[in-house]
Structures are given as structure tokens and as C-alpha cells.
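Before we start, here is the structure in question, set down as C-alpha cells.
Read from first to last, the chains carry the letters A, B, C, D and E; within each, the first residue is number 1.
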Amino acid sequence: MAASMRRLLPGNCGRFIQNVLPNERLLESRYSKSHGNTFQRTLPYVQFRMTHSPNTPAPWWTKKLDTSAPEDLTSDNEAFLQDMVEEKYSVDSPLKEGPWERADWTPRSVRCGLICRKIGVIPQWLNNGKKFYTTLLQVADNHVIRYTPPEINRERRRGSRTPNFGIQVVGADSADPRLFKAEYLGLFQEAGVMPKHHLSRFFVTRDAVIQPGTQLNAMHFSVGDFVDCQARTIDHGYQGVVKKWGMKGGPASHGATKFHRKMGATGGGGNMARIWPGKKMPGHMGNEWRILKGLKIWRINTKYNVLYVHGPCVPGPHHCYVRVMDTILPLRKRKGDGPKPPFPTWFADDYKDQEIPEEIFDESLHRFTASSIEFEEEK
Amino acid sequence: MTSVGSSRALTRYAANGSHKWFSSQSCLTNTEVRKQRNKAFVAEKKRQMSLITRVEKIKVEFKGHPEDTTLIMNRGLSTPYNCAMHMEELLRNRSALALVDGRPWDMHRPLVKDCELQFLHFQEQIPYLSNMVNKAFWRSGSFLLGYIMDRAFKDQYYVEPHSWPAPDIRSGSFICDIDLKMDNWTPNEEERNCLTRIGYNMLLSTSSKVFERLEVDASVAQDMFADNRFKLEQIPDIAAKSKSQNTVTVYKLDDHIDISGGPMIANSGLVGLFAVSAVHPIDTKFGRLHRVQGLALPTQLKIRSWTWKLLLERAAKYNATRLPGEVPSSDDNISGSQTIEQPFLPPSGASRPQEATT
Amino acid sequence: MSCLTLLNGAIRNGFGKASFSTTQSLQQIIKLSRLRVVDNSALGRAAMQSGKPPRCIHVYKNTGVGTIGDKILVAIMGQKKRGYIIGCRQKQAAGVPRFDSNNMVLVDDSGTPLGTRIRVPVPSCLRGKATGDFSKVLAIASKFV
Amino acid sequence: MARSVPPRLKFQILPKIRNLSTPEGPLGRIKQLQKLVGAIIQYERIESQWSRADEARGYVERLIQEAVQNGPNHKPTMELANYWLVDKDLVHKLFKVLVPRFQNYTRAYTSMFPLPLKMPGRVNYKAVLELKGNAYPHVVPHHHDNHHTLLNQLLSAANDEYRQQKLAEKLSALNISMAQFGDEDKATGDAYSGAEEDGKGRTAADDNEEAAGGSPDKTTTAA
Amino acid sequence: MAASIALARQITRVNINNTKICRLSTVCTDGAFCNASLKRYSDVAPSRSDPEPDVVESHNETLSNAQAHYRYIFPEILPNPDSTRRNKVCEMLERNDMMNRRSVLEIPEFYVGSILAVTASDKYAAGNTSRFVGICIDRGGCGLRAWFILRNVIDDQGIEIMYEMYSPMIREIQMLKLEKRLDESLLYLRDAPNEYSTFDFDMAEVPHVAGDHVPINPLKVKLRSRPWLERYERQDLKGVEDLGLAQKFYDRAKQLATPWEKYDIMKQYRATVTAEDQDEVFRDIHEKQQQIEQARIVRRRRKKLQSNR
């Protein structure tokens, strides 16, 4: 038996309870200021080394989650609070003022993007029998939270590279307001929507502004559009050079001692007898913002708000949030002479009399309800 | 004295171009009144302590966590708080109220005879104990409102606390009725926040402030509250209802002194969240008063910001609990009346050694 | 990669029992890989019967790894000959046959096959590559799969 | 003989196994776990490192799950018990004591509690792992009555007020005044009637002191 | 109704046949317990032909027999058990696609060891279709990724083709002989003499009554002598004859064996879709599957009538 494990015979167990875990003390330590955190942390605490892409938010950011001990409530009161949450946010129209005016789309307009969840990668087939992989991105209950006009943006962010863009903050995944700190809840007052788990901002042109409180869905994009997907890559933690940079390492045998997964020389001699900046070295791998550009949307499921985006390589692990925007690639973005996108976004009210199909396919995509592919005889 | 009951018997004094409202009796500002009252309190306390000439031992039977024990303490000197210090840090920190022979007892009130002792905190499971400690907390909240209003205003305003009704937790807020001498003043949100901040400054001060209790003769009390016309009027009634027909219980927190039957919680450190939720003008037979409403929660109870906001919204609504001057119900607790929570009044400071010998 | 492991193409076809491990992962056709001649040319027959199957000495491709339809240079019976790969042991895409041996046909310098018949099935997807010289190879195929 | 498709475990597990540190490799890990599993079945409550206890917890749960599902006559289950329980008396205990105990359980068979840290700094988290339904006193006092805490009192009062208000709105929509409402409120049988009982019960129990101080709406309902 | 009665009958038949199966010391050859794409725990996997009372019957009363049967018919319908990648919406969308494809293309119940004929669209083949007959030597993949490999020997040349089960290129999958073999992967046929994997392209269909017990072919294969593609002595194969190796090979195999994995119940659990999740999946597809079955019956009847005329 492991030395650290203490066997507790029935005889001395009472003592164990009395001395080591007095009920009252346990209860108290759960609520007292000094020991409050002890019971919060149920998983082992792991210290990560400082990375070049730290997860820690900047100190001036709004504190988000209220991680203190839960309220000690009766079931009745719990239910009452649930009711009140529903009551407070069950307003039909969250708009405090009239709807904003809509502008016409021009090739210079930059629309807002969506926050999606990467929910899986599955294969699809084209009508010519070619197989390829698509990444399923589910639009995660998006609402527009805030708009900051370019003037203020310019003033706040001196030296900004995007001085002529407004900032549209979009929130994803509504959550129980009781999870959050008061200051974070304050961010959602303007939009009048439930607090969101995740916020992200998009730079938009002035004509593409969407009123806070508006819901965004998958129809914001249409099949055949090309999009850019941005997300944080999979976090691999601290890795050696073989995994991180694909270096060869050393041989397994042939007299190799302590040289199996190491890097070789780090630089030359002479004048340059030092390690040059940018040398590939071990360190934190992953968890960095990466953008994959120009992915085609092959298929849209309007019921579940799922976009089928080309390729298996959308950055990030499963279930991560992905920012999906209109592509900036000049050859793939919408041209002025082609069809216009829903602008500034897709409003359900505009399509009340139309029936929106549950699934929208690209023309060249094989539908699974269709019969097998048959090639015509060549003449 | 005769002019106390009449409305607005105030002196307006103009000097150096500034206008000040003063106490009708001594022409003092709130700050000066506070100072004077403190001096009287300290003097009286010193006098009472000097009456204890011999240290006598009493046996205190403690029941509960961590273990049942018997403590030998000093009669008239040792308080339940001292007993807790002997037991465990946990008890000392979290106990809001003591239970002496089954009666609620302030944590800082000296024990006078052999007794059984228990400590109460804010998560008691037995309803009547929980009710007892909750009410003490609510009462302390009202006291705290008096504390805030007493020092919140500029010197040209003279504030006279009137009283507060019996603590009613289900009404959603605790109350303090105060004569602000401003007929239609209602604070906006920022001003309410300023009032709350005064409370927090006190609550968050490095040393938590203790609720001190003192029983004084009616005449001493009248001297103490000579600058408050309402209290002067109430003191004879309160004294008459007391067991010895002539004592009034006063509490002191920091430098604020008010009449209350008590009991109060042990110290201000037990108050976690606190807010002055609203000030509503009310019309009573004493004229236009202001009903200051507040909300607080003990440190021991955790609350999420959203829930707190919800409760605060309710606490801002007008609390229609009994107005001052209305016929009090049998157990109503106008400021200073000795409540039914204390059916057996402990002897006043003057008679204490005498009783101890009998 | 050790040259020895690359000999497996030959060894697997029953040209003697090797005493060393022949477990292989990729079964690629690269330089020094042994192949099997599957046409009925006299040279090919002789090479296979003598236990000295052709050895790839060059793959006409930037990657250096040959797959079906690729042109290679082989050393066979002391000669250099060109040929086409018409079947691979390597893992193939869905619907494309994978063969138990690496098959090739020999062609002369003008691209005409040396033999007149291919003795094993040929992947039909090679018809997509049937341009120029390669169509001559497909012309002698007896069976497609 | 085959084992069944396992039902879902009723507690959160990590997506991957923990390689418990041991010089013996995977077999050493299994040996460590064997000891822990045996100890839990024997003593019903043990104290161990968090990671080990959490890892062993899955094995105990699965073992009991199999035993409850298949009983002692199922050969693979018996083999399994035989492998994990080195002390053969425990096999008897598993099938004779634990299986009847957990027959109708719909929740996890074990519970786990983190132990408070003795010292700050670099920590080795400890945990208490126990089988449910054991004879020891509870680790954490449950059935902890929180009805009378200040927070719950305030919330239940707010709840009552909210229900009252909703009812009044409903009634005003039907053009019935609150006064007319009187006795029929129970007969209407909507959500309000329950809430009112609740409110009354509580006022009677603990707010005896302040009957007169009740809010105006409360007096209306009393009438 | 008729279908469920047939299935119930079939299950009883399974139990009757137990003696025979025990003698063969069989293990299951389907991937129902663990997913087909993942490593299978052959000795813990349940089998339809197991002597134990049917697990599903005894523990999931709520699941009908027809639904319980699905895990044997199409194991690929179960999602990847990796909990970090599970997503209900994604699984459901993928399942819908699969069932839609199944409503168009009849994918028969088959196992590793069954003999199939696959007709696929091929731009370059004569008539734009190519037909391949062979024994299924392996299958795997979850969801739309599901695949199987057919093997045959033509002109003394071993040929294998991997097919994607849900690829629209597949025109028809014909079941020529429904049977199981003793192992759940027959990759060792690559190292067996050609006669073990030679099948006639014009092979007649061996009739199999729907819902009938799937026979197990107890054939033991005599492998060629080393070298092999894999080290079969380390694989605990049931369907091969004595390998005839030197003792050192078996010693090494014993050294590397991991017998404890048989008892590593949490490792197995993590590689499994739990019973509750499986039930959910099967309930979800039940209605659609019923429609597909009905359509198939109608189609067969029509075909029969036409051929009679």
C-alpha cells in the first residue's frame, strides 16, 4: 500500500472525523474568507510556465467569473431566482430605441463576423465523387453587444491600424447571470441581452454596423461564400524541439548518450558567435491565435445554425470558439457585380413570407438523399 | 425640555456669513454633539467599572463545538467574547450572539453569574436561534444607518435620529427613521452610493468596531441625549418599562451612540455586503421625517452579485413597516424600548455588585 | 533507412528466405526497391526466374517515391531499362486497388512495351493517365480491376 | 462469455488515464490501483492523494457496476472481482454486502471530498474517498437546513411578493379584485396557492415577533 | 411487429446454438462493444452468438430488440468514444447524412469474413462501373468515415480494395456469403497462401434468411513461412494454424504481452460508447431504419415478381 495512504480502521475513524475533519470546521472553512478557495479547487493545481501567449487577461480587463463559493440556497429560492432570471431577460424586443437605419452593401463594406463553436470534422463528397473534409462550425447563440464608432476607436486606440473602423462586440452563448461578477454583467446592459460566456470584437465599416441586441445566425453567411476562421490553436504546453519544430533529434542507439531528442548546434562561430534572435528552441507550443483564410462554405444547416466549412484544419481543439469573418483574400471575396450578402446581417423579419430550407447545399456538393453517382458514357 | 416635543424648535445662527442648523438645546453641530455624548458614555462606563472592587469567579458551562467545557471567568468583567477567545479562533471570529441560560446576550456584555453559554452564528439550523441572530443583525443594520446619517451631512444640517421599528426581515430592508430637517430631500443614486460608502469606510476599517453596551440611569441618558428632542421624549417611557423602572440601554459603535434594547451583533466585521438602498420622506405626528432603508448581509453568507442586485431592488421600495408615532403593537421595538427578547433584564451597572453578593 | 529493408519486394515474392527482420511500414517504391515485372517480355521473364528481379534506380518524379502510373528506371540483368509502375503495395486511396507486389512493365527507350501482354490485372484508374507512351502500356493489358 | 456494454458512470471522469508514477510502468499502475480498490472495498473510507483516489474511484465504480449488473454467477465478472480484489474475503463482501446495498442506486456509488490544505505553497492534494452508505459519520454534514438563514429569508419573502404581484396581475386581467378573491384562491389551484402556504408556514414558525409589522400585501392574503 | 417476432426468434436460436459456439471457443467478430475504428478488446466484447443471456435484453428493457440489433448491423453508427470530441449536434447531423445515404443505397449487414461484391462508379471502366468481389478482411471508422477492405486473388495476384461505406461512388453492395471468421481482422490473409483468399467473381449468392443466426466459419489458416508483414505470434489469433516458429519468438511475445488490459475496466470504458448513449443513438435512428426496411421489402418483392414473369 502506498505510504501516503492512511488506512482508517473502523475503530479510529471517529477520531479521524473529530480531529481531522470536524464537521463544523469544514463547513466554516468553506465559507470563511481565508479558506474559501480550498474547496473551490477540485482538480490538482498545475502551474504553467509563463508563455509567450499568456492566457491571463490584462489586469485592466473586466473580471468575469465569480468564482467564490456558491450561495447556500434552499431549493425554493433557487427556483425563484431561476424564475427571476427568466423574467428579467424575457423581453420580446431588447431594443431600447428604434431600429437603426440600414445602408447598402458596397465592395468596400466590411461586415461583422460570427463566433462559432468547432463541433466536429466530417467528410463530404462532391458530385464528381471527390471526397473532402469539412469542419462543422455551430453559431453559438450570437448577439451583438456593443458598437464603438470609429471616432472613439481612433481616440482610444492611438496608433491603431484600423482607425477608420468601428468596433462591433459580439457575445456567444448566453449564460446564467449569477455566474458572473457585477462589472461583467454591466457590459450587457446596453444590449439588454443575457450575459454571454464569450465576447469577441469585429472591426466593421460604418455602414455595416448592427444594432446592439440583434441576434446573429448562420444565415449571416451564404453557401458558396469564402470565410476566414480565426481561433486559438490547440494548447500543447511546453514541448521540446522535436515536437515543436520537427527537428530530427539524435539516434536511438549507435552510442548516443543523452542525445536523442535534442537540438543540434545553435549557431555558428566567428563574428556570429551567439544565438540569433528567432532561433527555434523548446518552449510553449500552441494556444496562439491563428487564422485560416479563404475557406468555402459548402453547406448550411439553418435549424442548428451549422456552417460546413472547407477543410479539416480550422485552428483550435474541438469545442473551441472560432471567429468566422468574410474573407479578405482579394480573389475570393465578393465582387461588386455579384450578388450582395445580407447586409448588415440577415434579419429573419425580412424573410417572413419565405420558407427557409433546413439544409442549404452548394450546387456541386453531393446530397445524401440523392442516388449514387453515375458517370455518363463517353461518346 | 418642554420645547422638545414641539416641532422645529431650532435656533438659526448666522455668523461669518454661513448658516448652520444647531441643536435646540446646546447650539451644537452633529459632530460636537457626538463628541459630548461620547464623553458622557466613557465617563459613565468608567464609573460603572470602578464599582467592581473585587474580582470574583463564576463558572461558565459551555456547550457545543468544539467540545463541552467549563470555564472559570470573572464576574462583571468577562464577556462571552472572552470565553470564545479561550475556546477557538473560529468561535471568536464568527459568533454574532451569545446565548446565556437560553437568553440572547451581547458578545461584549459582561457575565454576572454562573451560567450556561452557547454561541450563535448566521447559519444556525434551529429556527428560533436563527431568527434571534438574524434580528440582532437587522437591528445592528438600523443602528448602522443611524451611524451613517449622523455624519453624512455638512455642519449646517442638524440630523436627529428618531427611532426604528421592530426588525422585520421579510420586509426586505432595515429602517431608521430620521429627522433630516429637509422636507423633500431624496438622494439620487450617487448620493446613495456616498452614504453607502460611509458605511463601508467604517466596515472595512482595519480594526472591526465592537458594539459596546451600557445600561445607564434615565437621568444619565437624558444628559446624553439632551440634543435629541425625540430621544428625550422617549427616555422616560423606556425607563418606566425597564425592570428597574429607571434604566436605559445604550449602544456605542465607534463614536456613534444610540438607545436600543438590543441585542446587537458582536462587531462590525460580521457585516459583509452593505448598502443604503433608499431614503423616503414620511409624514408622522412628529412632522416630516425621513425613512432611511438599507440592506446588508453577514460575511458568513455568500451571495452572487446578481442576487444581491435583485434584493437591493426590493429593498429600495418603500418599506411600510410601522411609522413612528403609530400605536405600537405589544412587541414593537421603538428605539430604546426593552424588548421581549430580554424578559429578564440583567441588573444595571450600579446594582451589579450588590446582586452579585446576594 | 536501411537498404536491406527495401529488398522486401523481392523477398516477399519468394526469392529466398531472409534471416533478418523484414517488417516494413510504408512499402514505398524508391531507389533500390525491388519490383516485379508482370509483362511477358523475355528480359523480364529471365530476370524474375533467375531470382534477380529489377531494382529501381530512379523515379522520374520530384518526390522520389513512385506510385502507380509513374515512370521509373530499373537495373535489370545488368542493363538499364525504363518501365512503368502498374501496381503498388502501398496503401491506396478508396476505390484504388492495392496489390500484393510492386508491379511494373518494361518499356524500351521509345516508350514501347517490351512484352505483348500484361499477366495481372491493371488498375482501371490508370486510364485517366493514358496519354502518350503510357497508352501503349495500357494497350497490352489483359484485365482491369 | 462477455461483459456488457458499460452504463454511464455517474461522476465526471478525465478523458485520459493518469500515468501514476511508478518504475514498473503500466503494470505497476494497475498494482497500485489494486491496493487502493481493495482498501476502499475493505475500509469503505480512505484518505489518499487526490489523483490516485480519483483514478481508483473509476475502477471501484466500474467493479460495483459489473457486480450489481451481473451478480456472482457471471464468470467474467467473478474473474474481474478476483483480479482486482487480492484479499478474497473482499470478493464475498462485494457480492454479499455491496451488491444488495447498491442494487437500486441511481447515483454514483462512491463520493470523494478534497481535504483542506495544511500548508500553503507547493501542495499535494489529498482526498477522502468513500463508499456511500457506510457506517461512519458524514464527512460533510448534509441535510443542512438553510431555510432560516438571512439570505434565504430575504429571498423567500421576495418570492412571495413576486407571486402576489403576478397573481394580482392575472386577476386584474380577469377583472377580479383581490378582495373578491378571498377564499377561492386555493380552488383556482395555480402556482400561487403553494407559495402562499409556504409563506404562511414560515411566518407562523419564525416570525412570531412581528405579526403587526408584516407588509401590506401579506395582510391582504391573510384576509 | 413481424420483424420483432423474427428477431426474438433469432435470439432464442442464438441461445440454442450455444454449445456449438462454445466448442469453437469463439470471440466476437463484430465491433459493437468498442468502435470499429479503435482497438477492440476482443475478450470482453459481447457477441450476438454469446452463450450469456443477451446483455441488452437483460439490462436495457426499454430498448426494443430491433434497436438492440442495430449495434451489430451497423457499428459505425456509434460515435467516436473520445469524450473530448463528442458533440451531440455534430453526431446527429452526421447520423442524418448516414441514414439518408442508407435510404438510397442498401448497405447489408456484414462482418469481417463475409464475402461481398461491390459495384462502384468508375469513369474509366467499361460501362462506367467496376465490380469487385472479395472477402472483407477489415472494417472500421466511425460515422461517414466508415470503411471496409475487400481482398481477392486474380491471376495469382493478390488485390485489395478499400471502400468508403458512405461514398456516393458506390452503386451497390451485394452480400454473397454472410459469415464470420474466428478473428475480427483478417489482415493475416496477406501472408497466407493465395487459395485462402481466392473467390470467383461469378460466385452465386448464398441465401441467408433475414434475422437468422450468422454462421461462424471455423476455418484455420496455414500461413506461409516468415517473413511476414506483421508479427502474428504476438496477436493472439484464433483463426491461424500453428505458426511453427522458434521458441524465442513466443518468449518475446510473452514478454511484450499486456494481460492486465483485459481487466483494465476504465481503459475499456473510455474506449466505449456507454449503454445510455448507444440507446439514445439507436432510438434516434429507429424510425428511419424502419422505413428503410419497409422500402427494401417492397423492392425485393417487386424484383421477385418481375423475375417470375
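Just so it is clear, contacts are C-beta pairs under 8 Å (C-beta built on N, C-alpha and C of every residue); 3 or more make two chains touch, one makes a residue touch a chain.
Worth saying up front: this structure is predicted, and the values here are computed from it rather than measured.
Asks: Could you name all chains that are in contact with chain A and with chain D at the same time?
Replies: Touching chain A as well as chain D, we find B, E.
Asks: Both chain B and chain E are touched by which chains?
Replies: A, D
Asks: Relative to chain B, which chain has the most distant C-alpha mean position?
Replies: C
Asks: Using mean Cα positions as chain centres, tell me which chain lies farthest from chain D.
Replies: Between chain D and the rest, the longest centre separation is with C.
Asks: State which chain is most central when centres are taken as means of Cα atoms.
Replies: Of all chains shown, the one whose C-alpha centre lies nearest the global C-alpha mean is A.
Asks: Measure off the straight-line distance from the CA centroid of chain C to the CA centroid of chain D, and report it in whole Å.
Replies: 68
Asks: I'd like to verify one number: the distance from the centre of chain A to the centre of chain E, where each centre is the average of its C-alpha atoms, in whole angstrom.
Replies: Distance between chain centres: 39 Å.
Asks: Determine the centre-to-centre distance between chain A and chain B, using the mean Cα coordinates as centres, and give it in whole Å.
Replies: 53
Asks: Two or more other chains touching the same residue: where does that happen in chain A?
Replies: 27, 71-72, 81, 84, 131
Asks: Spell out, as numbers or ranges, the residues of chain D touching 2 or more other chains.
Replies: Residues 144, 146-147, 149, 151, 155-156, 158.
Asks: Which positions in chain C touch two or more other chains at once?
Replies: As it turns out, chain C has residues touching two or more other chains at 94.
Asks: Every touching chain pair, please?
Replies: A-B, A-D, A-E, B-D, C-E, D-E
Asks: How about chain A: which of its residues touch chain B in the complex?
Replies: Interface residues on the chain A side: 22, 24-25, 27-28, 31-33, 66, 68-72, 81, 84-85, 177-182, 185.
Asks: Touching residues of chain A toward chain D in the complex: what are they?
Replies: It is residues 1-2, 4-10, 13-14, 17, 20-21, 23, 26-27, 29, 35, 38-39, 41-45, 71-74, 76-77, 80-81, 83-84 of chain A that touch chain D.
Asks: Under the definition above, what is the set of chain D residues touching chain B in their complex?
Replies: 144-151, 153-158, 160-161, 203, 205-207, 209-216, 218
Asks: In the complex formed with chain E, which residues of chain C make contact?
Replies: Checking each residue of chain C against chain E gives 8, 11-12, 17-18, 21-24, 38, 87, 91-101, 103, 119-121, 124-128, 143-145.
Asks: Under the touch definition given earlier, write down the residues of chain D that touch chain E in their complex.
Replies: Its residues touching chain E are 1-9, 13, 15-17, 26-27, 30, 55, 58-59, 62-63, 66, 69, 74, 76, 79-80, 83-84.
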